[in-house]
Amino acid sequence: MMGGNDQQAYDRGTSLFSPDGRIYQVEYAREAVSRGAPSLGVRTADGIVFVAMSRATSTLMESESIEKLHKLDDHLGTASAGHVADARQLIDLARRQSQGNRLRYGEPVGVETLTKFVTDHIQENTQRGGTRPYGAALLIGGIENGEPRLFAADPSGTPNEWKATVIGGGRQDIQGVLEEEWEEGLSLAEGIELGVRALAAHEEEFVPGDLAVATVTEAEGYRTVPESEVSEAFEAAGLAGDEDDDETSADDDGTDETDADGDGE
Amino acid sequence: MMGGNDQQAYDRGTSLFSPDGRIYQVEYAREAVSRGAPSLGVRTADGIVFVAMSRATSTLMESESIEKLHKLDDHLGTASAGHVADARQLIDLARRQSQGNRLRYGEPVGVETLTKFVTDHIQENTQRGGTRPYGAALLIGGIENGEPRLFAADPSGTPNEWKATVIGGGRQDIQGVLEEEWEEGLSLAEGIELGVRALAAHEEEFVPGDLAVATVTEAEGYRTVPESEVSEAFEAAGLAGDEDDDETSADDDGTDETDADGDGE
Amino acid sequence: MMGGNDQQAYDRGTSLFSPDGRIYQVEYAREAVSRGAPSLGVRTADGIVFVAMSRATSTLMESESIEKLHKLDDHLGTASAGHVADARQLIDLARRQSQGNRLRYGEPVGVETLTKFVTDHIQENTQRGGTRPYGAALLIGGIENGEPRLFAADPSGTPNEWKATVIGGGRQDIQGVLEEEWEEGLSLAEGIELGVRALAAHEEEFVPGDLAVATVTEAEGYRTVPESEVSEAFEAAGLAGDEDDDETSADDDGTDETDADGDGE
Amino acid sequence: MMGGNDQQAYDRGTSLFSPDGRIYQVEYAREAVSRGAPSLGVRTADGIVFVAMSRATSTLMESESIEKLHKLDDHLGTASAGHVADARQLIDLARRQSQGNRLRYGEPVGVETLTKFVTDHIQENTQRGGTRPYGAALLIGGIENGEPRLFAADPSGTPNEWKATVIGGGRQDIQGVLEEEWEEGLSLAEGIELGVRALAAHEEEFVPGDLAVATVTEAEGYRTVPESEVSEAFEAAGLAGDEDDDETSADDDGTDETDADGDGE
Amino acid sequence: MMGGNDQQAYDRGTSLFSPDGRIYQVEYAREAVSRGAPSLGVRTADGIVFVAMSRATSTLMESESIEKLHKLDDHLGTASAGHVADARQLIDLARRQSQGNRLRYGEPVGVETLTKFVTDHIQENTQRGGTRPYGAALLIGGIENGEPRLFAADPSGTPNEWKATVIGGGRQDIQGVLEEEWEEGLSLAEGIELGVRALAAHEEEFVPGDLAVATVTEAEGYRTVPESEVSEAFEAAGLAGDEDDDETSADDDGTDETDADGDGE
Amino acid sequence: MMGGNDQQAYDRGTSLFSPDGRIYQVEYAREAVSRGAPSLGVRTADGIVFVAMSRATSTLMESESIEKLHKLDDHLGTASAGHVADARQLIDLARRQSQGNRLRYGEPVGVETLTKFVTDHIQENTQRGGTRPYGAALLIGGIENGEPRLFAADPSGTPNEWKATVIGGGRQDIQGVLEEEWEEGLSLAEGIELGVRALAAHEEEFVPGDLAVATVTEAEGYRTVPESEVSEAFEAAGLAGDEDDDETSADDDGTDETDADGDGE
Amino acid sequence: MMGGNDQQAYDRGTSLFSPDGRIYQVEYAREAVSRGAPSLGVRTADGIVFVAMSRATSTLMESESIEKLHKLDDHLGTASAGHVADARQLIDLARRQSQGNRLRYGEPVGVETLTKFVTDHIQENTQRGGTRPYGAALLIGGIENGEPRLFAADPSGTPNEWKATVIGGGRQDIQGVLEEEWEEGLSLAEGIELGVRALAAHEEEFVPGDLAVATVTEAEGYRTVPESEVSEAFEAAGLAGDEDDDETSADDDGTDETDADGDGE
């Protein structure tokens, strides 16, 4: 996609444009995101569904500690992809802003307002010197005035609203499934099923335990979906959720930061 | 336009002139603007018309979230082009300044005054080290003392007043149509029609839903024009506003930041 | 004028001397000034005359928005050349200083005092790191103790007093006319005529509407000369002020920042 | 694992991504960790076990001064690997935070909370310029609400929870043993034995005195295990804990910072 | 004098010594001084004489605005050479210090004290990073306790006391005349005559109007010598002060900053 | 030990890791230490012994001014090696901390506590940009709770406790003697003798006057051992302490900073 | 002494060690000192003698303004060598510290205390970035508790006490004479004579007027020795103090900063 000698002069500094108007460090930060495992969000009639590939690189790692999905407020959640430590900074920022809004105004922050607060912070790191961009992307979704809304924040600091989208590795395949199958009026269960099926388009073999799923609805707020329900979605999606095959398979997209142990395995 | 080895020494630092007196980083930032989708403004007898190409790269993206047009105050609006996250910073700056003016003086800020406040900020980022220029341009227009006025702010921080102009991709073609067809005393509807026709000079196939249109008039202030009215302008302009062909066409100018998802599609 | 490999090492940092004692960034900033359209000042018995080439690059641009001439105080004005956004910063600085002087001391600032305040600021940007020089020059002129005085401020921060001088493109030709034709005791009208004729030495075809003219006199203070009077000067100067030929002609000196739109037209 | 010319441009600055989305300085910091002697943690039914290779490079060095294991609070400990001086900074940070938490809230800080406080600090040093990443990794473990928990913090600032894991040199071999042999419900003694046996997978000859062992249990809090008990674990693990062979053997992994004396012995 | 590849590594940073113990930026700043027109000072029995070449590059430039000689206090004056804008900064510094001294202590500052205040400031700019040295030299002279004293301050920040000396271009020739002809007990008029004759050693054709002359004496304090008296000195010195030949001759030393207009004429 | 092109990219910045996880500036700082004369410490049953090679490079230099040994508090001393001026900074830091501790708490600071205070400061200079590491190492020793303790602080900021160790040049030979001959329960006199003999392993000819010796004991606190007693130790160690041969012999290890006079003798 | 490509990478930054543990900028600063004229100090039974080569480069320069010797306090003086402007900064620092000490404590600062205050400041400039080392060395001498003491401070910030030593050019020859001829119990006059003779070892032809001589004694404090007494020492030393030969001879060591006028004569 990029190559040759011409770019070498421009890709080393955050604060520089290349002659064709690109900021390479931002594009490389996007590359860092696409090296990570995918996380997706689906807007349904009942609320937002988050599904994240969250498979541990070792059987001894507690997979819930991989933490791709986070509650931000009662009716607000987020899914991340890319450089794990960078994502944590952005999630902390979003959470502090949510809490601050509640303290100051006694009500939850809006989904769009919160997303733009985060993307403004991301943008600053792409313009000022002395820092690199964030190598992480976020989906921020929740219920605002009774309506489910879903936003994505990328490493350039651009916010966009989506019906359904994916961040991280395998984006092309997974977004393709979402575009083909998403429709207005999906139920929450159908949204989970769609999310699971879309991830399967990218990676053939995985089990319910490899996924983290959460929903945000008016009725229940942010809710972590238990593995039993994920298994049901697996079956409904026609996938072989064979839990016996619990080996840690080699990941073609293995540059995910969850492999951040220095062995390069 | 630019090339050769001579320029390599000067284009890496914001704060440097080249031997021929150019600031390459500013020129590259303009290149970033011309990579984006076009936005135009037309001054009519009744007020200002903004028309922006605002087509989503995926059917699942909410096209209104692309946000090329923004209300700044009751009688003041803006259209942007270029790096989306950069433009958002400038729009926020303009909006805060508009609100501050209203709070301090109880009246709206002037169109020219506001534009120059923004361009002074843009200029600073072209002179001090430690930061890159803004990769975005703005049109700022509105009613001032009963008269419609339209300004453009470019990445060098130069403000200019226009009867009608365009920022972003396809500038040469679109400005050509505006120069040929604009005349004093256009009605607001004629202004919208001219804007739509001018954009068509650059890109042959698009539908009313691909456009964002807004007007600023004495009577109605800032007003987002609904898609139904945009369709009427399409017909009046003699364009085939065939909504059935609702596929996301490949964009020759596809480096627009609305494609800022890392796939490089 | 400059060339070869030897200079490459020294021209990239504001704060460095070359082995032959030059500061290349300052010389390149002068080059930026000479790329702009010319502005000139003439000291006459009655006051100061400013004449600036102020031709829009598009018929849709409001030519008065190009703004080469500015009132600084009742009896004080300025003309600029070079990088438009840079010049605006210097003009704002001069204007704030003029206003501040009036507030503090109840009287206008002197022409020389104000010029040196501005040049001191310009000089600082040529010595400290982290910033580039200003790519603009100013003429500052007015009435001080009943006497007309005219100063020029260049990108090195050197102030000089002149009977008549020009900044910006075509300096050699235009200054030649001024040196040949200027004489002590010119009337204001003769000064305008001389200014128009001098600009014609550099650029053959232009019309009264392409010029901005202003005067500063004891009697009338700063006054923008209307186009009708400019046309009279055209005729007096023996120039064909044929307004019908109102096309935007290609400018050999076309690197003027008024062409700062990224198309490089 | 890494090589060639392409990487040279990106590996010199903390704040830069490479075109493939990697931050080389973080990867090199991981390499610094893997050059050090290994430290491991095992979660058992009764509490956390830490075992660290802590062999002095000279018979005159007090081996306890090598200090791989530290008490952080009554029920909280840490094990480190990599650059010793860097690890000390992180351990101090963790200890001050633990003490501060106790002073402010009258109760111990949670294991996960403390780990994330430390990893946030580590992450900052990978994003801001003017500093290098920490060349050290930590295991943080203890009893939280009656449950033993064990976390690892790596040089990227990623926190992960583990049943058992190792940081530092020989990670691949040692983690292999842990994955094969660890099981839910181990007793504390079994945990120590497993730790000793796992280290033996990497390095064939060592004696009880070369190890530092500590445990954190509900009943006894943080406890340094005396050499006599370590010897028992040696025997139970079927290893020849022959203390007579007390020479300082050459260490294949000899780049451990405990050899940080400049002789390169 | 300097050359070759070896120096290239050391001449780009203010804060660096070359292997042979030189600071090239300081030497280049001296080169900037020697590119300017010469200014000289002569200590006589009656007081200090300053003579400066102050010829305008255009007949329209007010030659007094070139300003090589300045009054600092009643009995204290200065002459400058080199980069005009830099010299102005130093002169302002000296003047503020003189005025401050008078305000605080009610008496004039000493010549030596003032010179060392200025040179300390100059030295700082040769040692700290982020700034370049001053490209200007000063002569500071006056009456202190009834005795005339004359000091020079060079770009390294070294102060020296002189009986007579010159700064700027043509130093070698002019200093030669001073060394041959200066003697203890010169009258003020003889001092002026010596100064004029010394300048003539460097540049053959010039007229009284090309010179600025000032004296500092116990009786009259700082006094600008009128052109009529300069003409008398011309005659006394046996020079053809032919005012009719009032053309602006090409200056071999033409890199003087008074030619600082970018045309390189 | 190090070499080749690969390292060149990484060894110029304090804040960077090399691909193999090393920080070259720290390693080079260790090299600076090993260029200095050796200083050693021996823990005996009665207290700590410091012995330093402290030979002047000229017969006119006062050898006591070389100052390798310093009292820090009543029962606390230090020995240094390497870059003399750097060592002085660390010793001052240690002394101020010791004094501060006494003032605040009314009791001496602990040996380990003080060492770690110093090494934390050293470590900071290896991680932050804008500074180089300290090119010096320290031994810190004294009586703490009645027990003699001896620590070393190296340029990486790693603290280690020792029974006996040496810093500076000839480390390999001298540490070899210490390891062979040191045993638990040495008397103070035996410790001095061991120290003298160990230094002799590195450098064959030296006289008592070339050594600085100090002890720290419970009974006498910090005590500088007079040359007469050093001579006795010489004899006891079987060395020819022939004072007549008082010439300043050429030092093979002559890069010691005590030769810091620029002649390179 | 130094050479080859290897050093090029390390000699450009103050804050960097070379692989062999050297700090090149400090060594180059020493080179700057050795380019200057020599200054020496001799400790005698009666006090300290300073002798400095202080020859003007022009007959018109006031040689006393070269200022190599300075009084710091009643019984404290200093001699400098190297970069004149740098030396002035250090001398000012020493003088302010001396005066401050007197004000605070009512007694003179000690010679050793003052020297170390100055060297600590020098050392900081060798470790922090953003500044170069001082290119000057000082001798500081005086009477402390009735005893004469003499210290040297070099560009690395190392303080050493001396019986007699020299700084600046020709160090090797001059120090040789001092080492051969200095003996305990010299009278003040013998010390002056020794100083004069030692300088003669380096430079064959010079006259009493080329020297600056000062003494510090208990009885007379700091005293500038008049030229008549210097002439006597000349005769006593068997030198031809032929004042008639008062030409300014070419100085082989001519890079002394007293030739700092840009002509390179």
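Of note:
The first chain written gets the first letter, and so on, giving A, B, C, D, E, F and G; residue counts start at 1 in each chain.
Note that a contact is a pair of C-beta atoms (placed from the backbone, for glycine too) under 8 Å apart; a residue touches a chain by one contact, two chains touch by 3 or more.
Per UniProt, the chains are A, B, C, D, E, F, G = Proteasome subunit alpha.
Everything quoted here is computed from the prediction, not taken from an experiment.
For the pair chain D and chain G, chains touching both partners: F. Taken together, chain B and chain E share the touching chains C. A separation of 69 Å divides the Cα centre of chain B from that of chain G.
Work out the mean CA point of chain C and of chain G, and you get 55 Å between them. Counting partner chains per residue, chain A shows two or more touched chains at residues 14, 30-31, 33-34, 129-130. Interchain contacts close the chains into one ring where each touches exactly two others, per the touch definition above.
Around the ring, proceeding from chain F in the sense that reaches chain G first, the chains are ordered F, G, E, C, B, A, D. Those residues of chain E that touch chain G in the shared complex are 1, 9-10, 13-23, 27, 30-31, 33-34, 116, 119-120, 122-123, 126-130, 151, 154-165, 171-172, 175, 178-179, 182.
On chain C, the positions that touch chain B within their shared complex are 2, 8, 11-12, 14, 24-25, 28-35, 58-62, 64-66, 83-86, 88-89, 92, 125, 129-135, 255, 257-258, 260-265.
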